[in-house]
Every structure is written in C-alpha cells, then in structure tokens.
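Labels A, B, C and D are assigned to the chains in the order they are written; within every chain, residues are numbered from 1.
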Amino acid sequence: MPSSEAPLDDLARTPGVPKPDPILIVDNVQRTFGGLQAVNVQSLQIQRGTITSLIGPNGAGKTTLFNLLTGFDRPQHGDWHLNGGALVGIPSFRVARRGMVRTFQLTKSLARLTVLENMLVAAKDQVGESFWGGLFGRWRHIEAANEAKAMASLERFGLDHMASHYAGSLSGGQRKLLEMARALMVEPEVIMLDEPMAGVNPALTQTLLGHISALRDDGKTVVFIEHDMDVVQEISDWVVVLSQGTVIAEGPPAHIASNHDVIDAYLGLHHGEKP
Amino acid sequence: MDWVKILIDAGRAAVGVPAAAYALSAIGLNLQFGYTGLLNFGHVASMMVGAYGMAITVDRGGSMWLGVIVGILLALILGLILGIPTLRLRADYLAIVTIAAGEILRILVRSSWAEPVTNGILGIQAFADEFFDLNPIPVGLYGIGRFRFDERTVWVMILGWGLVAVVTLFMWKLTRSPWGRTIRAIREDEDAALSLGKNVFGYKLQSLMVGGAIGALAGMFLAIDQQNVTPDTYIPLLTFYAFTVVIIGGPGSLLGPITGSMIFWFLFEFLDGVMTGAVLNDWFFGWFEATDIGPIRFALFGVGLMWLMIYRPQGLFGSHEEMLIDAQ
Amino acid sequence: MTDFEPILVSEEVVAGYLPGVDILNGVDLTLGDGELVGIIGPNGAGKSTLVKAIFGLVTVRSGVVLLRGEDISNLAAHELVARGVGYVPQRENVFSTLTVEENLRMGLYLRPEIWDERLAAVHELFPLLADRKHQRAGFLSGGERQMLAMGRALMMDPRMILLDEPSAGLSPANQDLVFERVRQICDSGVSIIMVEQNARRCLQICDRAYVLEQGKNAHTGAGRDLLHDPKVIDLYLGTLGRAD
Amino acid sequence: MLLAAIAFLAIVSMPLAALAENETIKGTLEKIDADAREPVEGVTITVEQGGDLIGSAVSDQNGAWEIPVPGAGEYVVRLEVETLPDGVALTDPERFELPDVSVRENQNKTARFNLGPGLSSGVSAWNRIGSLFVIGLKFGAIVALSSVGLSLIFGVTGLVNFAHGDLVTLGAVVAFFFNSPDLGGGWHILIAAIPAVLLVAGFGGLQEIGLWRPLRKRNTGLVSLIVVSIGLSFVIRYGILVAFSGLPRPYLNYAIQSDMQILGITTVPKNLAIIGFTLVVLALIGLFLTRTKLGTAMRAVSDNADLAESSGIDVSRVILVTWVVGAGLAGLGGVMFGISEQVQWDMGAKLLLLIFAAVILGGLGTAFGAMLGGFIVGVAIEMSTLVIPVEFKTAVALAILVVMLLVRPQGLLGTKERIG
C-alpha cells in the first residue's frame, strides 16, 4: 500500500513535474541507436523514500533508461544527478558506490560462487578487496560482520539454507531473490529493479512485493520496471509511464488509470485517432 | 621394454625441474585464466621478460638479486602496457592481441637493434653462477635406486619447488581473500560485478600484472637452470603448455597447477619412453622412426588438450557440480 | 467457433527457454484456412514465445502442434518453411548486410524456380522493394524493413505466415500501412497468425483473436467483440483500467 | 578419423638422418661486382635447427666463416643482414636465410650467400620499390587466399580457428606428395594442386561434421572452442612433421627461376603468376558470394543465422559448405606458398598470425575484408623493409593487427556490432 504521508498527492500530474525532495533528477537525456530514438526524457524526478514504478509497452526504452542512469550505457546528450551530484560520464561501478544499485532483467547470479559468496562480494568497505588489503589487511573481522549481515539477509529472503551451495544451482526464482538481497548488501540509497517479478511464480511474487515494501520502510528509494499492472497498483507511490522513449504521463497509480494517453500507449490507438 | 626404467624416468620428470618451472608458470596463468577468466595467449612474454630482466642485469654487472627484482618489475610493466588497451576486448580478440604482442616482443628481443642489450639471437649465458656457487649440497647422487638426481639438479629442484611453495602460499592468501572472491565474481559476470561497485577493469589489470610477475619468476627459474636465455625459446608453445597444465589441474584451483604440471610431465616422459620402446621393438611395423617420437608426442599433446577441453573442462579432478553449472 | 477449415492447431502447448521455467503453460489455438488470427495480451504473457514454439524456435515440452493434421512440433524451422509456413520475427528480421533483392532471394531459398512470378507478386504488394532492390537492407527505415521482412516471408508462396509484432517501433502512419497490408495478404488467401501489442488495431483487422495471460489462453473471440470487452482492458491495465 | 589421417601420412614419411660427429658448416663471403671480387669481413652468420640456436660466427678478413654443428641433419643458416658493411647487399634480398642446409656425416658443408653491391648503389629506386611491391603483392595474395576461409568460418560459426594455418600447410604438403615422383605420381604441381585442394576441402568438411558441429550442439563456449582448435592445430602440425619430416623441400616445378624485367622492375615470373592466379580465384570467390544462391546464403547465415534458418535455409548445410570452401582455399594458399618459397611442416603455423592480422584489418567475418587485409598486410610487410630492418617485417604486420584492434576493432570493412 502507498505510504501514508503521501507527499506526492498534491503534485501536478504532468510529465516532468518537480518533486518536493528529489533524490534523482534527470534532465534531457537522449539516446539513439542508429536512427532509432530509444530514450528522450526531458525531465524526470524521483522522490526520496518512495516506490516509483516505471511502466510502458515493450520497446518503450525502460531498460535503456536504467542502463543510462546507472552508467551501463552512454547517452548522446543529457544530465542527471543523484543527491545533487552529477553522474554524467561516471562509470557504472562508481554509480553503484555512490548509492544507486541496479538489478538485471535476466538475473546475473555469479554461478560458480556460493550463495554466501555472492552476498559477500557485494558488501561495502571491505579493505580486503584491494590487492594489498587482501594480502596483508585486517579484513577478517569485517568479513565476520559482513557474513553475519549476509546470513541475516539471506534468512529474510529465505535463502539461508542454500548459503553454501553454488548460486548456479538455484532455481530461477531463488536467483531473483538472491540478486535483490545481493544488491542490498551494497547499502544503496536508490535501488533500481529491472522486472524483478518476470518469470516468477505468483507465490514468490507476493514475497518479492513484501521485500520491496520493506525497502521503502527502511528509508530506501525504489525504482522498478514492471509490466503487471496489479503489482504496480498495489505497491507504488508514483507511476511513470514511458512510451517510445519519452515520459508520456506520471502520477499516483489511481491517476494513471484514468489517463487516456496511457491506455492508448498500451492498447494502441483506435483507427483514425492519430495524435 | 624396460617398464621400470620408463616409470622411473617419468617419475623423475614429474618431480623434476621442468615440472616445477611449469607449475610456477601455470600458477601465474591460473590467476589470469582460471580465477579471472582472461584468455591470455601471450603468457610466454612474461616468462621472457623475467628471464631477460635477470640475465641482462647480471650481464651488466648487477647481482642476481637485483636481476630478480628487475625481471619482476619488467613483467609488471609489460602487464600494464598490454592490459590497459586490451582488457576491454572480447575473449577471442584478447587472445589474438596477446599472442601477437608476445611474438612482437620476441622479434624485438632477437633483433640486431636490441643486440647491444639482449645479445640478439645468441642470447645471454652463464649468469646464474652466483646461485650455483651457493650450492651447499656435496657432490653425489641423491635418491633411491635408479630414482636419483645429482647435486646440481637437487639444488635447482629445491629452488624450484621452494618457489612453487612460496608462490602457492601467496596465492592461497590472495585467492582466499575478498580480492580473490572479487576476481572470481568478475570471471562469472562482469556486468554483475560492475553493478555491485567493483572496478572490473582495475581488478583485471591487477590480475594480469600479478599473473605476469609469477610467469616472470617461472621464466627466471628456467633460465637459471639452463644458464641460458635465447629469444627463440619463448615461442607460443610455452603458453599452450601452461594452459594445458592449468586445465589438467582444474582452472581456478589452488593446487591444480602443481598436480597438473606433475601429471603433464609424467605423461610426457612416459609416452616418450613407451614410444621409444615401441619403435625399438618395431611395434609400429616400421612406420615410425626414433626421430618421429618427438612430433608424435606433440600430436598426442594436441589430442589430450582437445579431449580435456571437451570432456573435462574443470580439470581431471574437477567437481561434478561445477561442471553441471558450466554446461548451463 | 470458426467457419474455416483448420490449417494449424496447437493443443496444450508447454514451452520455455530456460530449463525448468515454462513461459507457455498449455496454450490451445486454431487457425482456419484463410483466416487472420490475432494474439494479444500484456507484456510477458508469452505471445512471441507462442509463435516461436509453433515455428520450432523454442522447444515444445509437451502438447502438440498440427499442420493440416501432421505433427510439426519441434521440426527445424527450414523444414516448416518447406511445408509452406513463413515467419517474420519481431527484431532483426532482415539481413542488414544483404541488398533488398538478396534478402528476397533468401526468402525463396528452397524454390528458386518460381522467382520471377513471386518477385512480381511481392513487388506488387510492396512497390517500394522494387525501387530499392540494390540498396542494403541495413540502410532501410523501420517501416521499410518491416515491408521487406514480410516480403521475404511471402516469397516462398506460403500457405500461412506467423507475424511477431509487425507494428513494433513504427510510426502510426507506418503502422496503418502495415496493418492494411496484413489484411490484404490474408485476403489473397494466406492464413496469418499475428502477435500484436497494438491490441486495438489488431482486433480491428482480425477475424478472430486469442488473449493470452501468463502463458495461458484467457479469452478468445471475434476481433470486434474483444475490442469492446472490458475484460481485455482489465488484463492490460489491471486495476488501473477499472477506474476508466 | 584424425589418427587414421596421421597413420596414412606416416606410411609415406621420410626418416631424418642419424647422429654423427665432426660436422661443420662453412663458407666465404665475397662481394661480386661486375668484374671484381672482394672478401666481406665482420658479417655475422648463425646456424639454427628446429628454432634452437646451434652456433654463430663472424666472417674474418678473408670473408671466411665456419660453425661446428652437433651432427648430420638439416640446418638453417642465416646471414644477419644488419651486419653487412655499407655498399654490400644480398643480390636476392629474400635469400638472407638458407632454410635447408643439409649436412652429411663428417661433412664440412659449404653454405653460400650471394653478395653484390647494395641495391641503393646499383639498382634504381624505382626498381627497388617496384620489386618489393611485387613481392609484397605476391605474399599478400598468399595471405589473402589463406585468410578468406578463416573469416568465412568465423562469420558463420563465430569460431576463431587457431588450426587454420595448419590447413595451409596441409595443402602444401599434400600437393608435395602428388608432385613427388618417389612418393606420388610426379604430377606437375599445377595438376597436383587439384587433389591437394580437394583433400584439404574434404578434411575441412570432416572436421565440421566430426568435431565442430557436435561441439556446437553441446553449446560449448567460445573460450573452450578456441582451446580445442589449438589442440587440433598441434595434431595436424605434428602429424605433418611425422609424415613430411622437418626439412623444407621445394616442388619439382618453378623452384628456381631467373629474373625478368618488366616496367623496369626486376622480379621472377612465378611472382606475377601467383598474383594473377590469386586475383582470378578471389574474383571467382567474390562472384560466388554475391551472385550464387549458396554464396548469398553464406553471407545471410553470417549476418543472422536465426533469420536464415527461419527463411528456409538449411544453416548446418551452409556451415558445412563454408568449412569445405574455407579449408579448400587455405589448401590452395598453401600450394601457392609452397611454389613461392618451399614446403615446410610449420609454414602455415608461421603464417597464422599474419592471417589474423589480415582478417582483423579487413573486419573479422567479412570475406572481402580478408582479401583486402591480406594484400595490405603483404605489401606493408615487404615495403616496410625500405625503412626498417628486414628482421622487423613480421612485427610490422602484428603491430598493424594490434593497432587496428585498439582503434577500430570491427576492421576496415566490418560494421559495428548491431545494438539493441
């Protein structure tokens, strides 16, 4: 259910509307592949501490926008800031370190690492991760603390019994859970989930939804791509609709429901109803 | 056919100087290929700069210790120069660039242009006297029965296996640290590692450089044993030997390079003995001469490499679970 | 249910890409001879997977696909082409390094003897392909590529074709053109299964449509009826749609 | 299958000479001008065997040199060109290495290098540049012929085949057996080339059916396939060594030709013949790829294998044909290489890196790129000797390869990987 304070309810429902406390501000980001305009977002702000859903038909540019914002792809043009810090040209791993972590649509479990190792890889501030630190640093007490944290998190996600198994032996749904749990080990402020529910059975969907709500309750900002409208309705504070690379609508879930542009974007225009 | 002699010779090879050298070389390659997933086909170049770094230093009046430091430094610099432009390339391109870079370096070292420093194709000899002068072992043969080594070989073997032990200890510390875990994560999926805030490029570069430095140690050790460096020793074949050793032992396994090297040399020597006996006893109906044994051994080496890569990519003793994951 | 003689029937088809993960969980479908059947449904419902499974590009794990009574489940794609089935994928549906004419030639790989006749037919349908015949397909616009892709599939003189989202990524004007042509192709006697995201336009031109949800049949019916069926809107937009 | 091939080749193998003692290789270096002879002093000569250095010597004031060798056998004797004094040069710049000096037991073998006045003094710059250009084109033709197959096979299967160079050798060696009066029919090399190319083409097809196709079905990864191809290259190369022995041997025909002058350029007729013949073959390949159904299908599979399958193209058959054609071309390249130089067991392996340079320069996966890249590499290698020492000429090609990968990895004619 949407957060009770609902600071966003008073905002205008126009694309690009400024938010009272934005953590992520996107300005005029454009990406073209050959002649095809994949992303052209004039203005988009993400409110701190909320769950924002990014929806839109196939090929609307949702994943491309994720790639751009997290440094996995470079735009031809544009500017975006996380907590006031510019992210243009920042490599992906630094974006993650600055507190914005993403997951992938096709889960990327590190197959020949154990589940626990998958978690520990993601842990922040481990001096043993530098070459000299690994050889001579005093990393074991940090490791022990990380391990405790990882096990607690795995328990929360129901994976603790798999901790010593190779991640490659997990089922598809378990990998989804692991990927989300692993992203949290980075202690991000913003977590960007690319279709976390895709290919997951309904029971697990509810579990995942619970986890996502819990993230917001922990004060994290969640942006996620989703195509199941019931899920979007149930969980998001704010919905952003992308179509052909541009933001065509944004607003609270109830508002999006009554937006004809959105319905047209999803179902297609009636014949003759050219915009 | 004298099976006892063949087995003893093969056993001597398995614990001998070449086995130690290739174990060392394979440890370096294992860091790059087994742990980090880099397809470096120019590993022999690290061995070459290590050997030459030491030989040239001593040739110019430096001590062997200084030579060792110079050799390692050169290998680190080589890793840096080679890594910065190439580590973003796809695996097959990386393989081609590194094998080409190794050949370019060999051509440079053997050229008359470099001759004032490298002595061209003639190479440099007799630079390890310092080491052999230190040999405390009295003249004699050591071992049991026919399984014996002379004092010089024993001294070199102590150095070789000593180095293997020290470097393995170093690798144990390194690969079991969070650093080691991170490079394995990069081997599994670069994008995942990036998304978790890991500087993938930096880690790959470190792995290439450190693996190269270990390769340089192997090159130095071989050079010390032979008291000789010549450019045409350092052909791509050496890299492929090291690859085979890594794959026999299991890529990404700590002790794999050691067991791999011992098995590799045991089989190599054993085949040699068996085939020599077979030719002498005319088991091949006169098809093969004694001089054919070397080439046949190489051809069988090729068959072995193919077989391993197809049926045992996780090494002769690789875990079944890992292989299942690998097949997915 | 249909007035047409069935040409293709799929029964209880279960299929998926990864081991243990099924995308289709038992889909039934019938295509009549000369019929245009649409497949719509929300993202991730398995629409594209269904046509790929029919065309042998995704393994059918259980169930059966019959072409005029013959079991064609998991036949290699080129064998289906030989049986008169054409397929136009959604993306990368032209050979971009080949010229337009070479693309068409590849469409006729199995029956080069009917080249002249088929080329004339395809040129009549898509005159633009005649003008551009020496151009590399990689330089065509999105709409032109879609024409070429359909033209390539038609070269074999197929009895039926499978279209995967032919309108995806096209401007509204080009979408209209594509839908017009699809209807025209069907009226010329080719049976068509068309997966579409643009549900409204699809339903307007289809004889019949299937609505998929989570890899299963959700609804089926004549195109025009489904067009105004609130359940369909509900499926796409969920509770969002209910407020409309 | 491979073992059978090795066994077959082994039947016709030739033995190497046995060990003996007191052998040397010697010679006298003299500069022979129109009317005068003078000894050349201070030139380094080296002797190698199987890549190992045996010994070296510097010519004395009489131009004489002598190097002891460990026994009877085949040696490579090389004159270090850089040590030649000014105004003295090899009359044939390519003959700085005598690859096949055969020493009998207790023989003091004489090895001869022909020295004359430096080209710069006696030969016009035009002739010097022109003849190098022709040599470069000829070598480029051989590289181009050998490269097309590698690039085609990469295009349709994604495999970088490290055993491709050994297919080149195989072509040269099989032709040698048919050409040899003792071992084969003593056929003229141009006739012997036909069964050689066919057998190598067949071998390529067998490889695809027996090895690569099953591995593709198992979804074997790229890295594993590359390592398998390296294993295969050892099998072929050393199988050939057993069958053919280590000595380089020329074909019966065209081994020695006298110089000819054309447009003021000195060259040998076979260079022009190789260039001309290769251009015809490459043009035919070009026509095959663009004008025939099968050739177009190869490009189609290379472009998008899934779409090709969906269009009704039997992709695995097209891949098989590509292997057959690619291997056959490599075999033909080997025959040309053998005519140009000599036949040697590792000639193709030595060519492999230049083949890589050619295909990457032109764009991996594009046949026309490989042709263009082959000629550029060949000409660049030979022409580079105008400005830098001969011994660096291979490094030039490899440097082109490295720079190209860093600057434009898709090559001159390749297109950037399609995105999205």
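Here is the rule we use: contacts are C-beta pairs under 8 Å (C-beta built on N, C-alpha and C of every residue); 3 or more make two chains touch, one makes a residue touch a chain.
None of these values were measured; they are calculated from a predicted model.
Peer 1: Looking only at C-beta pair counts, which chain-chain interface has the most contacts?
Peer 2: B-D
Peer 1: Based on CA centres, what chain would you say lies at the far end from subunit C?
Peer 2: Farthest by centroid: B.
Peer 1: Taking the mean of the CA coordinates per chain, how far is subunit A from subunit B in Å?
Peer 2: One centre to the other, that is 45 Å.
Peer 1: Just how far, in Å, is the C-alpha centre of subunit D from the one of subunit B?
Peer 2: Taking the mean C-alpha position of each chain, the two centres sit 29 Å apart.
Peer 1: Centre to centre, by mean C-alpha position, how many angstrom separate subunit B and subunit C?
Peer 2: Each chain reduced to its C-alpha mean, subunit B and subunit C end up 56 Å apart.
Peer 1: Any chance you could list the residues of subunit B touching two or more other chains?
Peer 2: 328
Peer 1: In subunit D, what residues contact two or more other chains?
Peer 2: Residue numbers touching two or more other chains: 420.
Peer 1: Tell me, which parts of subunit C touch subunit D in their complex?
Peer 2: 55, 57, 76-78, 81-82, 87, 89, 91-98, 102, 105-107, 109-110, 112, 138, 152-153, 156
Peer 1: List the residues on subunit A that touch subunit C in their complex, please.
Peer 2: Touch list, subunit A to subunit C: 35-36, 57-59, 171-172, 195, 198-199, 227-233, 253-254, 256-258, 262-263, 266-271, 274-275.
Peer 1: Can you check the complex and tell me which residues of subunit C touch subunit A?
Peer 2: For subunit C paired with subunit A, touching residues are 18, 20-21, 23, 42-44, 141-142, 165, 167-169, 172-173, 175-176, 196-202, 204, 233, 236-244.
Peer 1: Under the stated contact criterion, what part of subunit B meets subunit A in this complex?
Peer 2: Residues 170, 173-174, 177-182, 184-185, 187-189, 191-200, 206, 210, 252, 321-322, 324-326, 328.
Peer 1: For the complex, give me every residue of subunit D touching subunit C.
Peer 2: The contact residues of subunit D facing subunit C are 293, 296-297, 299-300, 302-304, 306-315, 415, 418, 420.
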